[in-house]
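Below, chain A partners chain B and then partners chain C, in two separate complexes.
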Partner chain A sequence: MAARRRLSMTFWIFLAPVLIAFMMVIIIPFFIGVFYSFTDWNATARTGGALQFVGLKNFTDSFSDPAFIHASIMTVIYTVINVFVINVLAVALALVVTSSLRLRNLYRVGFFIPYLIGGLILGYLWQFIFNNAIPAVGGFLPGFGFLADPNNLVLSRVGSSIAALVIVGTWQYVGYIMMIYVAAIEAVPESLYEAARIDGASQWQGFRLIMVPMIAQAFTITMFLTLVNSFKQFDVNYALTAGGPATMFMDKSIFGTELLALNIYRTAFVSNNLAAGQARAVVFFVVLVIITVIQVRINKSKEIEL
Partner chain B sequence: MKKRYLAAAAEALMVLFLILFLYPFIIVFINSAKDSFSVTQYPMRLPEHWGQLLVNMRSIIVSPNIRYGSSFLSSVMITAASLVLLTILPSQAAWVLVRTKTRVSQLIFMVLVAAMVIPFQIVMFPLISWFRLIFDVTGIRLLRSYTGIVLAYIGFGLSLSVFMYHGFIKGIPLELEEAATIDGSSQPGIFYRIIFPLLAPIHATICILHGIWIWNDFLLPLLVLGRGNRIQTLPLAVANFAGAYVKQWDLILTAILMAMIPVIILFLAAQKKIIKGMVAGSIKG
Partner chain C sequence: MKRYLTVAVLLLAAAVLFGAGQRESVQGITLVQNKPEIDAQLQNYGSLWTQNSGIPVTIKSVGGGSGADMGQQLRADFAAGEMPDIFVIAGIEDYKEWESIILDLSGESWNDVTSVAFTHDGRVYGFPVAIEGWGLAYNAKLLQQADIDPAALTSYGAYKAAFEKLNSMKTQLGIDSVVSMAASADMGWVTAHHNFNSLLSNGLPYGDLSVVNDLLAGRVNRQRLSEYADWVELLFRYADRTVLTTGNYDAQVGAFAAGRAVFLHQGNWVDPNMAEAKVTFDMGFAPHGSMHADTDGIFVAAPSFYVINKNSKNIEGAKRFLNDMVYTEAGHEFMVDKALMLPAFTNVDRMPTGQLSRSVQKWAANDKLYSWSQYYFTNEFRDQTLAPIYNQFAAGRINKARFIELMTVAFEGLK
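Here is the complex of A and B:
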């Protein structure tokens, strides 16, 4: 009996710090946040002060705000392109660095480096490349003179700015995703390929019928990581385009490349409408949960056990 | 013979691609050694005087916006404190959760893991007003303080930590602990003397995964520490500086260079371990 009690004492003492931090940082703010999204909370009001309950007003207002609708569309477009480009390039690079090339370890390390640098710093760095370095290349490279024309700056148009966000997002993330594919590829037993070769399978068949199904578990992880991280993109958006350039949408001038996370942040702090920002964050959370559940379901059903 | 040429061509192509891929870093480096005129006029040329690099670095170190020394130190302290606590606290919690087979412990574990889907965005605004409320009521300063930001990192990082330790501890045979119990060790003694050292590979993975995240994080420090605070992390300092000196690219790029160098050196020194840890973490997580 005494031993039992000692164990349960240890149980709570060992668990307490984690539970306290969890309550303080996640659970309490989460519920306060959901509650606030139904009130007229703003920057001057303090917690628990005279908050008015406004029902679904913050949500209906958000869904009729052109900036929010545009940001949602742009986030979907950015996420789809980004997930596709990163994964295609990562698989291609993974195949290269698991081949018999002599410098394959150097490539692995090299492609991984951008992942170590934060999106904010990379955003500023690429802003310089798009605004200064590329026009300079246009200035001296024959045939590329159009790059030097200030009207052709990559970050001066919405379409090419989204492409720029994809380029930076891919550049930052591809090495990490590549390494996950590398680990999966290296875990496939060599004997499977040998058996296939003896049966007369071509290289392409080996890739298509052995490697792809065998690394399906890696696809679940890489899809999850790229999907969630693209959807949550904030740092690069903030530093590279800051939402610009402006564009007209539903008869209103809005930020053309503002993604959802930046829109939420700006609604709360720049427009000083915390309740509306919080309502958008709730929508953001619900969509994120739905996307991840669907994605993991689909991918899991395609995995095979060895 | 033909095959060998083909292999050499493939190798050359990849080297070229790698150089192109890493060229942005070269651009940062060469332009950190230019003055404000030539950085915008000739961004692709090599600098005329490499000595300018030291001049620019000095400007960054003495700049009141970036306060490189103190920002670097703050980043190191916040990252280190968070990592120490994100290994010790979640590992002891995971251990009691694994070793106590009750419904309560299962429920706690499930809630902790399920919380991983909660994005920062939904918690960030209420977190600030909640921290402010705590200060108003108790006088404990969580906003604009080390305590607050480290607490926030523990909160956001603990789910993944607990999950990974939980998975690993499940595989440790109970006999190890039973022998120590017979020898008269206390429960905490068993954990810290026997189990905690066994978790070394998970400690490494967790430090790498969380370390890269915390070191580079921007939004959380922006909200918890605020702009222009005495305490600021390196990403915050760079954002501050780039905001204050619009288009002063010579100095912005030097600041970027100085923010990147420590990380790249650390990475190159331990790259095998870091890549392995990252990949292991993602596969388990």
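Here is the complex of A and C:
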């Protein structure tokens, strides 16, 4: 009995550093954050700035702010497109690099490298491509003159700017997702394909009826990762478009490609309204949790075990 | 023997470490400033100063269009309990935000040699970093080729004629556009801060807040706003579309430095960029033409001030840092020759090397100045409300009438 207690003591002592760290940097700040979202906290030394409870005011204000509503809509659109494009491309690339193609390992590295570049740098890099390189190409390629027209700049319109965000987001992230698919594809036993071939299955049937169900576990992970990452998109958004160009929404001039994370950041630090930013972050968190729980459930139900 | 040796080595190591610890116990000071363009120069000056004073100084630079700006950095530092000893405020809005921790500097001797320190209720709180100014920077060589006298550019009419003439001579002058202007999402500070100030203070006596107070109360002078909208439209129409709608600071300043635009909508802080680009043409500032009447002056002020944190652990060190900048040769050398700033202190007799800084100095010497009043409006109002309106106008998504209407609605919302 005593020995057992000692064992469980040891267990908790060894676990303590991790638990304490987790409490200090995740759990406690999270609840403080939720607490602040119901106050008028602004984190400055402004006199007369004692903390006041304002109830749900930060939340109701957010839901009547055109910029926040627009950012939410844009984030959903961006996420849907981004999840779709990244996953389709990642599966395609994974099939390429697991085939018997020459130099396939080189391709693997090549596709993965953009993931190692920070989003801010990527944003500035691609800003240069969209603003300078593409018009320059249009300048000397016959038949592509329209690219050089300043009115056709990719980043000068809301729609094409969102497309640009998807392109850069995909370019950055597809290699990483591809790696997960590669691991899953390589884990599928060769004997299954062999058996199918003997039964007369085609390449396509082999892919759809064997590979896809067998890598369903990978889908759960990749869908989750791409969904969460697209939803949280900040750095590329900040560096590439900074929210521009502006557009009219609900009779107000607002930044058209400002996604939720950037909107929260600006509410907190540009408008100096930290409590409102915190409230938006709480909404953001709740929505993200609901969506991902649903996604994981759906994906899980499709997984099979051998 | 070996054991003794180990003990001896350990003792020695401990002594060295202890000694090192002792040395570091001089309380250092931290300075956070918002001019990344002079970061290297300030770092150099800081280490030089540390050699003389024995006080370690850490300098952090934030802002400049990329990354967090000054206010964001300070709020984050304050929330983390790591408020710097010296930081920068831009004016009354910032002062109000940090009022409770800003030290009264009325007793400092540098007050005798400056008239532009930041004061509030008769007390001095801010050390003027420099004086700065902007008008419309012009390329004298190109203007001369087009036979335009920059001294005559003092009203909307004069600018309109000049822009039209320059625009018709584009190929002859080898320019892409007449004016290098930026209005993209991250250049809101050019439109909604600097250009916006033309509406607030152009043509008014220095320090006159009548227009500011009217607008803050939601009262819009339609005549003044409409003349201002003409000016904004003129700048946008004769700007390069790529630079205007999607360009960043480098694109905007680069076009002027390369001689591909005759005018540049920036201030004398671009002098280091000009030096870097090895610009050879003469340049100077002309007034803004935001009114139909003549406005013969440019916008000059001390834009930012060093303030000392009341809760600093080394207030004396922080005071000394500021004082030494005014009263030592090294300080003068840093301000004028290294950082290419226009010092706000009369005891500094070095001449700035930058052409635009000299131009500001000339306008200041003739006392033809208009104030900076944009700081009376919150960052939120300028960056989140006004900047998108300018951006849409620049992109041609709204016309002038709609621009005036949206601006009016925005001001009426301030009540």
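Methods note: the second predicted complex is superposed on the first by the 281 of 306 C-alpha atoms of A that agree within 3 Å, B and C clash if a C-alpha of one lies under 4 Å from a C-alpha of the other, contacts with A are read in each partner's own complex, and residues count from 1 in each chain.
Note that in this section a residue touches a chain if its C-beta (ideal position, glycine included) is under 8 Å from a C-beta of that chain, and two chains touch if they have at least 3 such contacts.
Here the structure is a predicted model, which means the values were calculated and not measured.
Three-chain overlay on chain A, with chain B and chain C in a clash.
If you count the residues of chain A touched by chain B and by chain C, you find the higher number for B. Once the two complexes are overlaid on the shared chain, A:144 sits clear of chain B and of chain C alike. Of the two partner chains, both chain B and chain C are touched by A:274. Contact with chain B, but none with chain C, is seen for A:30 once the two complexes are overlaid on the shared chain. Applying the stated contact rule after C-alpha superposition, one finds that A:14 touches chain B and leaves chain C untouched. In the superposition on chain A, A:247 makes contact with chain C only, not with chain B. In the superposition on chain A, A:84 makes contact with neither chain B nor chain C. By the touch criterion defined above, A:67 reaches chain C but does not reach chain B.
When both structures are laid over each other on chain A, chain C collides with chain B only at 238-246; the other stretches in 76-84, 238-246 or 256-264 stay clear. Counting contacts as defined above, chain A residues 46-47, 124, 239, 274 meet chain B in one complex and chain C in the other. If you check the complex, the residues on chain B that touch chain A are 7, 10-11, 14-15, 18, 21-22, 24-25, 27-28, 31, 39-40, 42-44, 89-90, 92-93, 95-97, 100, 105, 108, 112, 115, 117-127, 129-130, 132-133, 136, 151-152, 154-156, 158-159, 162, 186-188, 191, 212, 215-219, 235, 238-239, 242, 249, 252-253, 256, 259-260, 263-264, 267-268, 271, 275, 278-279, 282-283. Residues 6-8, 10-11, 13-15, 17-19, 21-22, 24-30, 32-34, 36, 46-48, 96, 100-103, 106-121, 124-126, 128-129, 132-133, 136-137, 140, 171, 176, 179-180, 182-183, 218, 221, 225, 232, 234-235, 238-239, 261, 264-265, 268, 274, 277-278, 281-282, 284-285, 288-289, 292 of chain A are the ones touching chain B in the complex.
Within the complex formed with chain C, the residues of chain A that make contact are 43-47, 67, 124, 127, 130-131, 135, 150-151, 153, 155-156, 239, 241-248, 253-255, 266, 269-274.
Chain C contributes residues 66, 68-69, 71-72, 75-76, 78-79, 96-101, 184-186, 240-242, 245-248, 251, 378-380, 383-385, 387-389, 391-392, 395, 397-398, 406 to its touches with chain A in the complex.
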